[in-house]
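So, here come the structures, one by one.
One chain, subunit A, links the two complexes that follow: it is found with subunit B in the first and with subunit C in the second.
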Partner chain A sequence: MIFTSIFFALFFLIVAVFYYALPHKFRWLWILASGIFFYLQSKPTYLLIVTFIILITWYAGLQIGNTTSSKKGWRFYFLAIIANIGILVFFKYTNFFTSSAVDFINFIRQKIFSSTETITNSLLINVIAPLGISYITFQAIGYLIEIKRGNHAAEKNLGHFATFLLFFPKITAGPVERAHNFLPQLKKVKPFEYNNISCGLKQILWGLFKKLVIADRLFIYVSAVLPNAEHHSGISLIIAVVFYVFQMYADFSGYSDMAIGFAKVLGFDVMSNFNRPLLAKSVTEFWRKWHISLSTWFADYFYTPIAIAKRDWGMWSVVYASFTTFIVLGFWHGAYWTFIVFGGLQGFILTIEFFTRKARKNIRKKIPAFLNGLIGITFTFSYFAFSLIFFRANYLTDAFTIIKRIFTANGPIYMENPSIIVFSLLGISFLTLVEVKREYFNNLFTLYDNKNWLIRNCYYCLLLIIILTAGVFDGGEFIYFQF
Partner chain B sequence: MDGNEILKQLNEIFNEELDTDDIKLNNRTTANDVDGWDSLSHIQLVVAIEKRFKIRFTAKEIQSWNNIGELIDCINNKLPV
Partner chain C sequence: MATSFKKILTQKGYWYLIFKILAFLILFFILDFILGGFLGKLYFKQTSGWEYRTKYSIEDTRADILIFGASRAQQQYNPFFFEERLKQTCYNVGRDGEPFFYYYAIFKGILKRYTPKMIILDIENGVFRAEQTSYDRISVLLPFYKNHPEMRSVIKLKGPFEKYKLQSKVYPYNSMLFKILIGNAEFNKKRSIDINGYVPLSRALNEPTRSVNISQKYDLDANKLNLYQSFINECLKANIKLYIVCSPYYINLIGSDTSMTIAKNVAKSNSIQFFDFSKDDFFLKNPNLFDDTVHVNIEGAKIFSNKLIDSIILNSAYKN
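For the complex of A and B:
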């Protein structure tokens, strides 16, 4: 059930109305029931897998929290972590591992035994991963680690815990919420507050705008050019790559805005996911502003423990931890070498930035602040755009073709339908304007939260009219649903 | 060593490691208040603190401090009386 569908709008309206009509003690049950209903819209049998994750994580959490014997606690901790990772690996990586193993065996047979016969991978599975499985398992693992570290108590109420993992606004693609942020909110009595509804709806509107008017419009050009790189000129490919950065941002931050907005209408504050990343002045800063709920998850539960354990290596601990984290983060997107290169490129530049930070700081002192910012933003944007070429390509060879042609293929700009480029550029300009305004001139003026009722509402109506007239309604799913 | 002395030394370490001279720590300072104190430089700071005070933190301790005051308490507990 996609957020931009009429069916979801109706579903959400019913959920919200009954949610506020019900007394507090039944509300969690209603939220849980709506989460189950939402999940059943994908593939009903997969609800069994999610139920298994819920049960094992909840029970292990209780055992880790209650047991006085650290050995017993460790046992439950490991079992539950392995169960979660096992499910994730099975659905996302079985084909990658079996195919890589078969390729390796064929390679050895060919090279060492000069055999011309090849074996085929009979273990290929043809299954679609359960909806939101990465996000659900990551939240479950984070919950277990927090209890193991003694930072938070285990949740005693199975129903409340299930509601945390099955909270429908964040099921499909996050944010990767923390249990200790969500569960206290679930227990707290939440009166109907106009402010929550208004803030939530405004965020949903902006998210819809980003998805339907900007992202799905950019998708048209990007999907016409990048998969057919061999037929396009360097300049068209550059335009498509730049468009893809904005498409990705508008799509994923648009989704996140809607998820956060739906939660807000119901009175929940879930983690934010983006903080104007395209205005970051370094790639290090970029990763503090992009997919925040996942990058902080990796920082807390993956990067920091590695860096601490290896801290006697000095600076190399940071290099080692950064590379490992980003390669795993890349691999998390899918079992393809393109994602691993994408992650490796992030780890590489973070290391370079870490080693050169003092030198860069000295240079910065000699350059005017405005120019500094501009150089930083341009470099960060360009580097991220370059790494996204690998992210978008199906195979490494496709990515290399795009890069090669960017530098070598002369020719005109691909413009089958000029209006697509014009609308795309208008969308990008508007998004950039809003982001720059919010970053640098936030107190100067505001349309979104203008004190004047008429100005404020005219602006909402304008956005709505643009969505209805210029929105692309057949653009399909959000990019991050597949991960 | 009293809390003020530890704070003074921490101030030196932070300015040295983050290559600046405008950091002024107090007990309530958090990572958000210090420019450049992020997850990458955190480990570097921890190593420098361990060297200066000749102590060793556990992984759990390193991840538990919410502000400089808690870091100072942790150092104080590890120093010989």
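For the complex of A and C:
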């Protein structure tokens, strides 16, 4: 059930109406039932796997929290963590590992034993990952770590814990919520608040706009050019790569806005995921603003423990932790070398930025702030765009073809349907204008939060009308659903 | 009454929310009505371009001979030769990339106004293949939903909520804004050549043919098959002379396509003449007559149109 569908809109309307109609003590049950219904719309049998995750994590959490024996606590902690990671690895990486193993065996047979027979790929198991499995397991792991660290108490109510993992606005692609942020909100009596609904609906509208008007429009050009790089000129490829950055941002932040908005309507404040990352002045800053819920998850539960464990290495502990974190982050996106290179590129530039931070600070003092900002934003954007070439490509060779052709292939700009380019450029311009305004001129005249009811609502109406006139209604799913 | 209304506004409860949503919806429908009305005016005032051709086909043409199909109709049948040799007016209502739903809806729209004397229906390999994009492309017909009830059954195939989405006045013009604006601009008439709906192509291929096996099985779309049968039935009912044609390819087609086989069988069972040029040797030996492997160029269109006319004349003479 995709957020942009009318079926989901009807589902959400029913959920919200009954949610507020029910007494507080039954609301979590209603939210849980809605989450189960939402999950059943994908592949019903996979609910069993999620149920297993819920049960094992909840029970282990209780045992870790209750036990006085550190040995027993560790045992449960390890078992639950291994179970969660095992499920994630099995569903996300079985195909990768088995196909790599088959390739390796074939290679050995050919090179060492000169055998012409090959083990065919028909031996491979085609494992399809359950909906949102990464996000669910990450939230479960985060919950266990926090209990183990003694930062938070284990949740006693299984139903509440299940509601946390199966809260439908964040099932499919996050945000990767923290239990200690969500569970207290579930228990707190929430009276009907007009402002929650109003703010939530506005955020949903803005998310819809980003997804339907910008991301799905850009997708048309990007999907026509990047997968067929060998037929396109360098300039077309550059345009497609730049469009892909905006597509990715509008798609994922649009989804996040909608997820946060749906939660807000129901009175929940879930983690924010984006903070105008395309205006970041360095890649380090970029990763503080992009996919925040996941990057902070990695920072808290992966990067920091590694950096602390290797603190004897001095500055190199940071380098090691950065590289490892981003390689794993890349690998998390999928079991492809392209994602690993994407992660490696992030680790590489963060290392460079770490070692040059003082020199860059000195240079910054010598140039005007505006110019410094512009250079920083341009560099960060360009570097991220470059790394996304690997992210978007199916194979490393495809990425190298794109890069090579950007520099070598002359020719006209691909423009089968000029209106796609015009719509795309208008969408990007509008998004950039809104982001720049919010980043640098937030106190200036605003349409979104204007005090005048008519001006404010005319703006929302216009957004809706633009969605209806310029939105792509037959576009695909959100990019991050696959991860 | 006034006091309780004031209470609703100050308490910001459920009623306040409902009141605000209603106020927003009223404002939205006013703006939607104004902008949608404006776009509608512009849409139906166009003088060139694809949307104009669709509008002209449905609401204006009174040609005796109509040519239906997708790009292989639009770019391969030159009405000039049909008019000259058959002494009847002709218009090519084909449109690039459009599936069978489009042809049928246009046919229904035309039939509501008048009965053409002859219809040439170009179909291509895979015409009945089940694919979502065919349903997405029904969107080009949305501007006609309101005033053309005869086309609604096809438009509703786009999705179960289409009827409700069409309550908005701007939605029918989704993604058409620039096409509509250009369609109203004078320069666009010179930009795209349009000879009674026929759009000539100018490149000439210079490469050997490639072989493609077209025998692979694929899922068929029951809606498309039903509409094909209905198209034939309604032509027979209205006494319209119908010819179904598969125009030339510059591909060495191996085997037989499932859709084409069905199309031929249905035509045969209804005693409709089917002309198959898909494996025509003359065209396969002349790459210079093609713009690409599936579309003939202006010279190819001239030869193909005349060959088809010869066949039609021969067929008529035989029947008479």
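Here is the rule we go by: the second predicted complex is superposed on the first by the 479 of 483 C-alpha atoms of A that agree within 3 Å, B and C clash if a C-alpha of one lies under 4 Å from a C-alpha of the other, contacts with A are read in each partner's own complex, and residues count from 1 in each chain.
In this text, contacts are C-beta pairs under 8 Å (C-beta built on N, C-alpha and C of every residue); 3 or more make two chains touch, one makes a residue touch a chain.
If you're wondering where the values come from, they're calculated on a predicted model, not measured in any experiment.
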For A:6, is the partner it touches subunit B (first), subunit C (second), both, or none of the two (neither)?
second
Quick check for you: in the superposed arrangement, does A:29 touch first (subunit B), second (subunit C), both or neither?
neither
Please work out whether A:303 is in contact with subunit B alone, subunit C alone, both, or neither, and reply first, second, both or neither.
first
If you stack the two complexes on chain A, which partner ends up touching A:197: first (subunit B), second (subunit C), both, or neither?
second
Touching A:315 in the superposition: subunit B (first), subunit C (second), both, neither?
first
Answer with first, second, both or neither: which of subunit B and subunit C does A:367 touch in the superposed model?
neither
With both complexes overlaid on chain A, does A:469 touch subunit B (first), subunit C (second), both or neither?
second
So, does A:457 touch the first partner subunit B, the second partner subunit C, both, or neither?
second
The shared contact residues of subunit A with subunit B and subunit C are none
Could you please specify the touching residues of subunit A with respect to subunit C in the complex?
6, 20, 192-195, 197-198, 418-419, 422-423, 454, 457-458, 460-462, 464-465, 468-474
List of subunit B residues in touch with subunit A within their complex:
19-20, 36, 38-40, 42-44, 46-47, 59-60, 62-64
Which positions of subunit A touch subunit B when the two form their complex?
149-151, 284, 288, 299-300, 303-305, 307-309, 311-312, 314-315, 317-318, 321-322, 350, 354, 357-358, 361
Note: in the complex, subunit C contacts subunit A through residues 12-14, 16-17, 20, 23-24, 27-28, 31-32, 35, 39, 132-133, 136, 139, 161, 164-165, 168, 170-171, 173-175, 177-179
